[in-house]
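For reference, chains read A, B, C and D in written order, and residue numbers begin at 1 within each chain.
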C-alpha cells in the first residue's frame, strides 16, 4: 500500500504546487457558471475522498465540518443537496486557509486509511478520486485563465507554469488509413473511465487524417479570409452563436493596433504562428474544416489512427457526439453519475492538452464538451 | 410530364383538403417559436416553388408580390432576409384569402412550367419541393394540435382526419439480430434526402429490438412507478428539463378527476391503453428505457432490423445523434441548407407517424429533433 | 331608465362601429404583452357587465359559457383565475362570430335588466362599465396600430376613422400662472374614477406652461440635433432604454430614402410637421424638455392651468408619479382593483387624445403608464 | 485648511477602521448587481478624489495607475467608460494590498493639496467627496451583510460594530399635525445634496404620524395574519414580486425549528421583538400599512413633523416618488450625475439608519431606492 500512498501523495502535492502561487484574491471569483473558483476546486477534490472513501469505509473517521458537503458537492444527486453551481463565487467563507486545513485533515486521514490496506475495490475508488483530481488540475488552469482573461489589466499567473507549447511548424501531411473493422475502446489492467469500456468493433471506410493539429497561422487565414462572416460554413446553431456573441477570433485573442495579441497565462503576448490553435469551439472547428473543404475526424477514426499521430498538446474536437459504447452500463450510486448522465448534446474530444496532468491521458480517453464551449485548450485536426 | 403534373396536383390538393376545414381564426396564432401558423405554412410551401423553380428557371414568370419572400422564407440564408421566426403569428396580412390566391397563381404557373418539360435536374428540384410540402403537411397536424392544445376550451379539428391509430395490444417480443457488417443508407432511383446518402457499411454487435413500440399502458406504469421523480434515470440536462418545466406526463395528457385524459385532434378523450405512446421527448424515451433496464436502438440497428419491425405509426427516438454519413457533402446554394446545417445537438428519429403523408417515409429516412421537443408524434421502441 | 339604456346602447354601438370593419385575421394576434387582440377586447368589455352586474344582481341571468370568465378576465384577482396575459393571442377559439353572439346575449340581458330599474348603486356600476368600455375603445385604436405597425406590408385600417389630427402650427406661447393654493381633484355629480377624488389643496409656485403641445417639426430638431445620443439629457434608466432598444425616433417613424415617414392608421405617410408629436415615452418627453432647457409640468400645474390650455388631442406626460391623493381609499372588492393597485412605478398623463371616445375625458382625469411605454397617443407639453 | 484636512482624515480613517477587520476573501465577491465588493468600494471612494479633485486641479498630480479609472468609475458617463457593473466581483486584481496603496497615495496627495488652500469652490467639491464616502461607509455594511447573508455557514463580521439597535418597545402614539403651508427643503450654510434644494412651500392637509417606527413584533403579526398571501393588500407589481421571489418575511429572516431567526452582522440570532423592523421593501411597507388600515406618510409630511419624531435608526419608506423639487437644476458635468438622473421609478426614504455614519443625515435628507429593494436598513413608519 506504500505505492498507493506514494501515488496519492504525488497527485495531492501536484495540486498544492500549482495552487500555492496564487494570491488569496485569485481563489474567489467565478466569472461564469462553468468556471470553478480555485478555492472551491481545492475543497471539492478533497470532499470527493471524504464522501466516497472515508465516510462510507473508515469507521474511525469524523467529519471535518458538516456544512462542507453542501458547499463542495458538484453535481452528485446521490450525494445530497448542494449550493447552486452559479453561487460558488459568492462564498467568502470558509477562508482559503480553512480549506487548506481541510485538505490537510483529509490527507492525514487518507494516509492512515491507505496504509491499513483498503482492499481492491476501494483501491479502485481511490484511483478514481486521483484521476478526478487530475481532471481538476487541468480545470484549474483553464478556469484561472478564464478569470484572468476577463481582467482589463491582463494579469499573469504568479508561479512557474509546468508545461510548454510546441511552436515548430511543419507542412501538414495526411496519413491514409484503410477501410475495415477496427477495435475501439479500452482493454487492459490500468485505469480507465467507464465511458471507454468496453472494447468493441467499428467499421471504418477509407480515410485520411492530418499528422498534426491546425496552427494559429492556418487559422489566421480563415479569419482574414472572412470565415466568420460566411454563413454557408456554419451550423445553423453555430451561426446564431457567432452573431449573438459577436465572435470573430479564438478566445483571448485581441487585435490591438493592427496586431493579433493573445492573453496567455504569462500575460498579453503576440499570437505565435507556429503554435497549434486553441480555445476554439466545435462550431469554429467545423467551420474551419468546411472552409478547407475537409472535415473533422470521427472519434473512431482518431483512435484507429492514434498511434501514428502526434497528439497530446490539444484536446481535439471530433465529429462524434458523446454517446454510450455498445454494452455501456453506468455504475450504481453516485459514482455512476460520473459520465453517463452527460451523454447528450455534447461532442467528443480526443487527445489531451499541454495542461493535462502527466500520465492522465491515453488514446482511448474520451473528453466531452458542449459545441459552444471554448475555455478548454481545444484545437482542430483535419480529416478527409 | 403529365405524370409529374399529376403528382404535383395531388400533393397540392392534399394540402388543400386538410387546410380548408379550418376557421379563419385557426390560421393565425403561433403559440411557440417552433410552431408555424397554418397561413404561414400555406404561404411558405408555395414560396418554395416560386423561389427555387419559377424565379430562376421560368423566364416568363412575374413575381406575385415582392414582399412575400420576406414573409415566407423560413431559414434559407441564401434566399435572402426574412421576418423573425418568432413573429410569424403577429401578421394579420396578407389575409387567408390572399394566400390562397397566391397558391392558385403559383399552381397555374407551375402547371404551365411543368407541361413544358423542365428537364431532369429541375424535375428533381420539383420533387424536392413536393417532398418539402409533404413534410409541411405533417407539421400542419402537429402545429395545429399544439395550438388547439393550449386552449382551455379543448377544441377539436373541424374536418375529417385522414389517419387512424392502431389500438390493439400484443405482448412485446424482441427480434434477435446477429453481429456483423450491415449496409446503411439509401441507394436506388427513387427520391431521398441528401442526409440518407450514401450507402455505407456499419458494424453492429449482437442486439435485440422490440417488434412494436411502447404503449400508453406501459408508459403509465412508468408514470405511476415514479419515473419522473427518480434522477438516476435521467440525463443531467433531462433532469433539469423535467424540473424546470414541471413535466410529469406526455404532452396533452391531463389527469382529471383521477382519470388520465388526452387532448386529441378530436377533443378531450380518455387515454387509450393500447395505443403507442406519443408526444414524448428524447429525455423521456431514454428515462423510460433506463427504467426498463433496456436502451433505445441506434439508428443503424433500427435500419438493419427495419424489414422485420412494425413501424410507420410513430416517429421513434433512437440513441443516435444526427451526424453526417461518411462522404456526406451538402448541395451548393440554398438547397444545401436543407439538412447539413442542422447536424448538431439533435437526435435521429426513424420510422414515420400516422400523420406522415402517404408514401413519404422509407426505412432510410432520417428525421431529427432536439432532445426536449415533443410536439411531434414521437414514441419509443426498446432495444437491448 | 330609458336614458341609461340609450347611453348603454350608444357606447356598445360605437364599439361595434369601430370593430366591424376588421377582417377576421385582424382580431387574433397579440404582438406584445401589453396589446390586447380585438377579439379579446370585445369579449372582455362584455365580460365586465356579465361579471359585475348580471351575475351578482340579475337572478334570472344564466351564464353564456362558463369558460369565458377564465378567458376574458383581465387582472381582477377578486374575480377569479384567468389565462396568462401573454397568451391572449394564442386563442383560435372562441371564434369572432361566437364572441359577437356573446355580446348580443349580454346586450339583451342588460337591456332587460336596465329597463327594470336597477337602482342608484348599480346604475353607478353600469356607468363604470361604460367608462371602462370607452377606455377599451381607445385601446382598440392603439393596439390595432401597434399590430399593423409590425407588419412589413404597412397595412391600413379598413374602415372610416372617426377622428382627425390638428395640423396648424402656431408659435409656442407660455401662460404665466401665479403662486398660491389651488384646488385639485374632482367634485360634482358626473362620473369620475376613484383616483380623481377628492378635491384637495395644493400649493404651487409661479410657473409658466405652454399653450399647445410640441409638434413633429420641433421634435425633429431634437432628433437632428443629436438628442438621442447625449446621455446628459436622459434619466439613467432612460439612457439604458434608448440603447438597449436602439431608439432613435418616435414609434412608427421610419427614415426611408432620407425622408421621415410615419406608419399611420391610413398606411405609410410622410411625417406632418404641424401635428403634435405622438408615440413618445416619458423618457423621451423628459429628454426633449431638458434639451429645450425647460421641464414637463406637474399634474397639479397642468390641472390648475387647464382651462386656459388647448388640450384633448394628446395624452400629455407630466412630471408627476402616479400616487394616491390625500384621503384616497380604494373601493372594496374587484372594483377596487381598478386604480389603486397600479400606483407605483408609473407616470401621470393628463388631457386626452384624438382616439379618446367623445365625452370620455375631463380636466381632472388621470391616465398613467410606465415611463417606457409609447404605443398610446402620448405627447409633450413644456413648462418652466 | 487644517480643519478641512482633519475632517478629511477622520472620514478616511473611519473607512479604514470598518474595512480592516475583513479577511481578504471578504473583499472580493459581488453576489448581486446592486452589491459592491469592499475592494471596489475602497477603490471607488478613492477614485472620486483622484478624478474630481486631483486630476483637474492639482497640476503636480501624477496618476497612480491609468487603468484604475476604468475599474473604479461607478456610473459617471462624463468621467469616461467603465467596467460593467455586474463584473465588479470578477476582478482578482488589483489585490487588496494594491488598493490600500492606492488609498495611501491619494491620501498623501490630498493632504498636500488641501494644506495649500484649494479655495472655496474646490473645498465644496472635497466636502462632496467626503459625503460620498460616508454614503459608501453605509453601503459597506449593507453590502457586506448581503454577502454574508447568502452563505449557508451564517458567518459574522470579524470586527467591532460601531452601532447598536434600540430594543425598547413603547406603545405606538400618533402626533397630530395641522393643515397648512409648510416649508420643505434645505436652507443654510452646511452641506446638502442638490436634491434637497431649494426651500419651497407645500400645502399639507391634517394628518397624524406615528412617533416611532414599526417593530418586529408588530410585523410578525402581519406575517402570522397572512399578510403575504392576501393580494388585496398589495400593489399589482408588489404581488408579482412576492410570488415570483417567494417572499414571506423580511430579508435575512429564517424560521428554523418553529422559531424566527435573523442572520445579523453578529451571526444567526433570534428575532428581537422590540427592534424596529428592517430589510423591508416598499411593497412590504405599503402592504403592512394597508393591513393596518393606515398608510405611509409622504416625504413632506415626514419632514414637516420630523422635529417631533424619534428618527435616525431606520431609513423609512415614504409614499412619495423620487422627483425634483420646484426649481431643481442639476450641476453641469459629472457631479450633476449624482442625483437628477435617478429621478424616476424610485421611492423616497427619509431618516437615516444605525449604519449611517455619524453626522451624515439631517431632516431634509432624501434617500431613494426602487420599490423592490431591501438590502438597506429600511423600515416602516405609519401615518393616517
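In this text, a residue touches a chain if its C-beta (ideal position, glycine included) is under 8 Å from a C-beta of that chain, and two chains touch if they have at least 3 such contacts.
Please read all numbers here as calculations on a predicted model, not as lab measurements.
Any chain that touches subunit A and also touches subunit B would be listed here, but there is none. With respect to subunit A, maximal separation of chain centres occurs for C (centres as means of Cα atoms).
Subunit C has its Cα centroid 58 Å from the Cα centroid of subunit A. With each centre defined as the average position of its C-alpha atoms, the distance from subunit B to subunit C rounds to 45 Å. The centroid of the Cα atoms in subunit C and the matching centroid in subunit D are 37 Å apart.
Not a single residue position of subunit C touches two or more of the other chains. With chains as nodes and touching pairs as edges, the resulting graph is a single ring in which every chain has exactly two contacts.
On subunit D, the positions that touch subunit A within their shared complex are 23-31, 39, 67, 70-71, 83, 87, 89-96, 147-148, 150-153, 155. Touching subunit B in their complex are the following residues of subunit A: 75, 77-78, 181, 200-203, 205, 207, 231-232, 234-239, 282-283, 286, 295, 319-321, 323-324, 326-327, 336, 341-345, 347, 371.
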